[in-house]
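Pasting the structures in now, so scroll down.
In the two complexes that follow, subunit A is the common piece, with subunit B as its partner first and subunit C second.
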Partner chain A sequence: MAELKTVGTSIPRKDAIEKVTGLAEFIEDRYMGPMLYAKMKKSTVAHAKIKNIDASRALEHPGVKAVLTGKDYPNMIGLYLIDRTFLAVDKVRFWGEPVAVVAAVTEEAAAEAVELIEVEYEELPAVFDPREGIKPDAPIIHENLADYEIVPIFYPKPGTNIANHFKLRKGDIDRGFEEADMIIERDYYVPQMQHVPIETHKAAVQWSPDGKLTVWSTAQSPNVVRQLLSKSLDIPMHKIRVISSYIGGGFGCKAGASIEGLLVPIAQKYPGHIIRIVFSREEDMQGTFTRQALYSKLKTGVRKDGRITALQYEMIWDGGAYTEYGVNIVRAAGYSSTGAYDIPNVKTDSYCVYTNNSIGGPVRGFGMCEMQWGIERQLEAIARELDMDPLEVRKLNGMKEGSTTAAGQVVHDLDYDQCLQVVADKISWGKKESGSEGKFRGKGIAGLVKCPAQPSNAASSAIIRINEDGTAHVMIGATEMGQGMLTAISQIASEALNIPVDKIDIKVPDTDFTPYEWQSVGSRITYTCGTSVKRAAEDALGQIYCVAADLLETPQEDLSFDGKKIFSTKDPEIKATIREVADSCKKCTGEGIAGPIIGRGSYVPTNMTNLDPETGQGNPGLFYCFGATGVEVEVDSETGVITVLQLASSIDAGKAVNPQLCEAQLHGGTIMGLSTALYEEVRFDKGIMLNRNFTDYKIASIDNTPHIDSFILETPETKGPYGARGIGEQPMIGVAPAIANAVCNALDIEFNTFPLTPERVWQAIKDKKNSGA
Partner chain B sequence: MSEKITINFTVNGEKEQREAVVGHTLLRFIRNELHLTGVKEGCGIGECGACVVLLDGKPVNSCLVLAVELDGRELVTIEGLSKNGELDRVQQAFIDHAAFQCGYCTPGMILSARALLDRKPNPTDADIDEALSGNLCRCGAYQEIRGAIKASSGK
Partner chain C sequence: MLSYDYIKCTDLRNVFQELEEGQQVYPLAGGTDLIVGMRGGKFAPKTLLDIKDIPEFNVLEENDQGITIGAAVTLNEATTFAPIRDNVPVLAEGCHSVGSYAIRNRATVAGNICNASPAADTAAPLYCLDAVVNIVGSDGTRSVPIREFFTGPGKNALNKGELVQSILIPRPYPEGKGVYFKASRTGSVDLATVGVAVQRWGAQVRIAIGAVAATPVRALSVEKAVNEKGQKDWTEAARLVHDDISPITDLRGSREYRYHMVEVLVRRGLEQTMGV
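This part shows the complex of A and B:
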């Protein structure tokens, strides 16, 4: 590959100055026009029939313009399984589900009016544990499951609460267990977590009398919002405009379409007005996607030499009240169910089960944190049972070039061994340090892998406009929520166009003007959008050469472009500036040659396939990104407090388009992982979310975040732009199991769930003492 | 109609006289009346630090202060930190160290950092941790933030 100029350099973020000066525009910072403020009336029970809603007093409240209930607005929406309405229609399925929405001239009036709405419920038996919900006699949460529209790669079981049963069968599981010297079985549990981006969900809509709907949204995916609204409301796509701003953190909770459609009927009643809703912190925690809880059972067959011969993995996911998006997490975890390991015989059953808890949905890692918690804890159990080095067990079974995933997909372009080794070396693996009085030290390691969980037809596209002075505008549909997309994509454009990056303008999307992008999810944008941008740049460059050849009367193959001018390599005096190319009239005659240069690039994966419905075999992965986490902890046996002494994180980025931003992402993901490992657990009591603010739901702050040593490996991704692959979610995946493995190493206690709070650790130490072990 | 009172104050070096609604928070006043939207709301109840501004040089969560309390005081928001188009050292250091991702916590972070440096020009890691422990960053830019503050030390 020719030497790279921009890709691989740590240029400052494109959004840097705006973000440090407070001028970066988030949705709530825009003045949009005359405004009505919306507030939701939420259900006070988890599962009930709605017998009556009386909004008469709310409607009379001064300043109130409209009250909308589900009866007036039964339209359905959903990404993969259309199982949701914007407002509860005949029944509520979780505590806090919106049953009505009020629009008023002030926020106060709207909030006061909400209190005046009276809702009569008839409570129904509820399901709060998916292991109960999966039973044949469980109360049914979605009676009409059979009628819901669904993408045909999911397998709901109408008449039950199973929204998807993903099956995977690889090799011969019985033979695999026969070949084993030892069978190891464990149960694991991962609780719900919340994303808590510091910016909550927000949306505004406006209806124009000519039938155009404009939507401003914090959504990660404007094009998906447009597509889902178009289907749900039966409005053609060109009549829906979705505008993005900077997004104050996404982490999956702003994927798909959530609150954008809620206010449309009110907007239609008040054309020209902007109807806006801003979720409070509490609403954001309780009313948007949570990470689905997972109850899992693993059974592994292993030979004396440490080789795993068989894996049986059962996953029961708490899909919550609606699983329009969650069904795909369950699928992704299923087809990835061997984690970073090559296991010849696999039987996996992954169930998405409706419950009356908050809605499950995508979170950074998309099922991988939950599923690989089990895998990485199980690897540790295997090493302990066999008295082998956990690092060696991982390397022995770890994926290598040409290995196959659980789905039977062959993996390429990886160096998993090295991902493990760098973090092991950093924490001086194998050298056990002794702690001070009453403190125990231990080291732990965990590997990780993730591919984007996207449909095989998830597409990207890009347009590049070359200006008359040789500067350029890159137009794409990806969103900027902190991941650094604007910067990385400009660097790819700059590299491909041979134009300096400061001559490239790039903005967040507006579906009326920017080309299609599926979603900014799954750590896919650098790869997918990056590829379409590279193609658009090559297209633009091709046009520049073509016009220049005509203009300069020189064969194209003799021409070169140095970022300023196009010249003949044979005779540098034969040259034209970009401006001359853009104007493109023959000098001597004034005859026109071509108009302005506009490059276009489209991308859709060509290496993915559907999966066999019975065996789950096929190619679900666009690319696979590997990494590892290594930690050293000290545990205070008196208090149960875990201190993280060393935290090392590696990721194979293929090519770090911007090493500094790549490292920042690596740190950010590792910290989120650490935060979930030690603190985060959403608690429910009969479906009521108990911890709905930052005091009760603690996340990592600066004073409890240790130093992180990061390692970016670069095993090029053959088909990725300049060898790059996405890394945004991955660093989170290995942290919780690495910490639990280290605590296990320190205390000789196996933890099969997290967070490892002081209470939980202290209790386990006490239980161990009492049992005399 | 809500009761209003007249308040006099300085904002980013400029003297101002405005009406403030009794009961409205300072956060709301700054965003909706002064139209300085750099200050952000992340929780509204004093738990996240996204709404930090400097009142008489001290960092406060503006969601917990009433607008009328601004009377007679000096307010600095993120918009007032750069002077004549020159970024403050902390702002530049945040850029150099990639000390933010989504940028939503950033105005509050930078102002908390500025107040710390004004008070303690050479803060230790422990000083930084203490001063910024009320500013949450879900993107997890903490290591970079520490680096940026260290790099802005000494002035």
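This part shows the complex of A and C:
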């Protein structure tokens, strides 16, 4: 590969100056015209029939323009399983489900009017634990599951609460267990958590009298919002314009479409008005996606030498009240169910179960944190049972070039061993430190892997316009939510065009002008959007050479472009500036050669397949990104307080497009993982979310964040742009199991759930003492 | 609707007229509990009465009587006030453990006790120091000991129309070390699961505990064992604290964990202040 100029350098963020000066626009910063403000009336029960909604007093409240209920929104919406309505229709399925929406001239008037709406419920038996919900006699939450439209790669069981049953059968599980010298069985539990982006969910819509709908949204994908609104509201796509502002963090909670459609009927009543909704923190915590809780059972067959011969993995996911998106998390966890390990015989059953808890949905890791918690804890249990080095067990079973995943997909371009080794070396693996009195030290390691969970034909596209002066505009549909997409993508464009990055402009998307992008999710944008941008750049460059060849009367193959001029490699005196070529090029006679140069590129994966419905075998992964986490902890055995002394994190980026941003992602993901390992857990009481503010939903602050040693490996991804693969979600995955493994190493206690709060650790120490172990 | 009048008072004499004649008048000093409570619907003031610039409330001084902390003095001001750091560092520790630095730039010591949370981080140190709360009303002033000021969760000894003017840390100051230990879920920017202040006074000790009862409490059983019965085994002494507290289970911790942590922190406090 030729030497790279821009890719691989830590140029400053494209959006840095806008953001540090406060000029960057977020939805609430925009004055858009005459406004109406929307507020939602939420259910006070978890599962009930709606007997009556009396909005008469709300309608009389000063400033109120409209009150709408589920009857005004019969249409259904959803990404994979269309099981949702914008407002509850006839029944509510979780505490806090929106039952009505008020639009008023001020936000306060809307909030007051919400209090005046009276809703009469007839409560129904509810399900709060998916293990109960999966039973045949459980109350049914979605009676019409059989009628729901669904992407045909999911397998709901009408007449039950099972929204998806993903089955995977690899090899021969019975033979695998027969070959084993030891069978190890454990149960694990991962609770719900919240994303906690700095910016809550927001949306605004405007209906033009000529039938055009404009939507401003914090959604992670303007194109998906457009697609879902078009389908559910029966509006053609050219009549829907979705504009993305900068987004203050997504982490998955703003994937798909959520609140935009709620505002459309109001907008249609008041053409020209902007109808806006801004979620409070409490609403954001309770009313948007949570990470699905997971109850899992692992049964592993292992030989005396540490080789795993069989894995049986049962996952029961708390899908919450609606699983339009969650069904795919359950599928992704299922087809990835051996984690970073090559296990020949696998039987996995992954169930998405409706409950009357908050809606489950995508969170950074998309099921991998929850599923690999079990894998990485199980590896630790195996090492303990066999009295082997946990690092060696991981290396022995770890995936290597040519290994197969649970789905039977062959993996390439990896160096998982090295991911493990660098973090192990950093924390002086194998060297046990002793703590001070009453304090116990331990070291732990965990590996990780993740591929983007996306439809096999999830596409990207890009347009590059070369200006008359040889500068360029890159137009894409990916969103910027802090991850640094604008910067990385413009570096790829710069590299491919050979135009300096400061001569490239790039903006957040607007579906009326920017080309299609599926979603900014799944750590896929650098790879997929990056590939389409590279192709658009190559297309533009091809046009530049073509025009220059005509102008210079020189064969294209003899031409080269240095960013300023196109010249003949055989005679440097034969040359033209990029301006001459790009500015509607003409010959010296005045005859025109070519108009403006516009490059186009599009991308769709060609290596992904559907999976066999019975065996789950096939190619679900676009690419696989590996990494590892190593930690050293000290535990105060009296108080249960864990102090993380060392935290090392590695990720194989293939090629770090921007090493500094890559490292920032690594740090961000590691801290988020640390936060879930030690603090984060959504607490419910009969479906009521108890800790929906920061007083009682604790996340790691800077005081809780130790120094992080980060390692970015670069095993090139053959088909990725310049060898790059996505790394956005991955650094989070290994942290919780690595910490639990370290605590296990320190205390000789197995933790099968987290967060490892002081109280939970203290309780476990006490239980161990009491059991006389 | 968060719609209210805002009145700034700079003369103490005008405060009481507003407090007595107005409806739903809430004094505003730091506002870190008030504003959050208004957003959450806990308070619905018709008038916010800003008392931050009333001279009497801005006193932060040391004299023959002791240290006076005016009602508008912020936690950060108190933490960095040399006489507090030098003479009663346990109070500085308590002040410093509230919220974040930015919160402490606004929040006041007086506000922390007026809010009357049993978990208030300044309370346990103030209990150990036998602080006196100076209350002012239209009829004049009165003083109550800190242990009488807290009357229940969110409840204090103020009558309608009264305000805390200042808190006095009386002389003589304690002779010996004092510590404030706080157990919380994250260890920073968090409420106390329990808070324990242990203050040595020569050969004696005073211990106060937050978040284990309806108000902060003194660990009188422990104090009695140490001060009167000469108990030198801190483990044994700390165990007696169970008689002094009645914690509950909530999102921040179970009753059992609170009992345990108080015992651990009292023992550690005794070790650090009274010697191993």
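We take it that the second predicted complex is superposed on the first by the 768 of 773 C-alpha atoms of A that agree within 3 Å, B and C clash if a C-alpha of one lies under 4 Å from a C-alpha of the other, contacts with A are read in each partner's own complex, and residues count from 1 in each chain.
Here is the rule we go by: a residue touches a chain if its C-beta (ideal position, glycine included) is under 8 Å from a C-beta of that chain, and two chains touch if they have at least 3 such contacts.
Values in this document were obtained by computation on a predicted structure and should not be read as measured data.
Chemist: Is A:52 in contact with subunit B, with subunit C, with both, or with neither (first, second, both, neither)?
Modeler: neither
Chemist: In the superposed model, does subunit B or subunit C contact more residues of subunit A?
Modeler: Partner touching more subunit A residues in the overlay: B.
Chemist: Looking at A:457, would you say it contacts subunit B, subunit C, both, or neither? Reply first, second, both or neither.
Modeler: Neither: A:457 stays clear of subunit B and subunit C.
Chemist: Once chain A of both complexes is superposed, is A:770 in touch with subunit B (first), subunit C (second), both, or neither?
Modeler: Neither: A:770 stays clear of subunit B and subunit C.
Chemist: Thinking of the overlay built on chain A, is A:670 touched by subunit B (first), by subunit C (second), by both, or by neither?
Modeler: So A:670 only meets subunit B here.
Chemist: With both complexes overlaid on chain A, does A:606 touch subunit B (first), subunit C (second), both or neither?
Modeler: neither
Chemist: So in the superposed three-chain picture, is A:589 touching just subunit B, just subunit C, both, or none of them (first/second/both/neither)?
Modeler: So A:589 meets neither subunit B nor subunit C here.
Chemist: With both complexes overlaid on chain A, does A:691 touch subunit B (first), subunit C (second), both or neither?
Modeler: second
Chemist: Quick one: is A:436 in contact with subunit B, with subunit C, with both, or with neither? Answer first, second, both or neither.
Modeler: A:436: touches no partner chain.
Chemist: Could you look at A:700 and tell me whether it touches subunit B, subunit C, both or neither (first, second, both, neither)?
Modeler: In the superposed model, A:700 contacts both subunit B and subunit C.
Chemist: Which subunit A residues are contacted by subunit C in one complex and by subunit B in the other?
Modeler: Common to the two interfaces on subunit A: residues 695, 700-701, 703.
Chemist: Of all residues in subunit A, which touch subunit C in the complex?
Modeler: 106, 108-109, 111-112, 638-639, 641, 678-679, 683, 690-691, 695-696, 698, 700-701, 703-704, 757-759, 762-763
Chemist: Show me the residue ranges of subunit A that touch subunit B in the complex, using the header's touch definition.
Modeler: Per the stated touch rule, the residues are 10, 12-13, 15-26, 28-29, 195-200, 246-251, 280-281, 481-484, 660-661, 663-665, 667-672, 693-695, 699-703, 705, 707-708.
Chemist: Can you list the subunit C residues touching subunit A in their complex?
Modeler: For this pair, the touching residues of subunit C are 1-3, 100, 183, 185-191, 251-254, 257, 260-261, 264.
Chemist: Per the contact definition, I'd like the list of subunit B residues that touch subunit A in the complex.
Modeler: 36-40, 42-45, 47-48, 50, 77-79, 81-82, 87, 91-92, 94-96, 98, 100-107, 110, 128-130, 132-146
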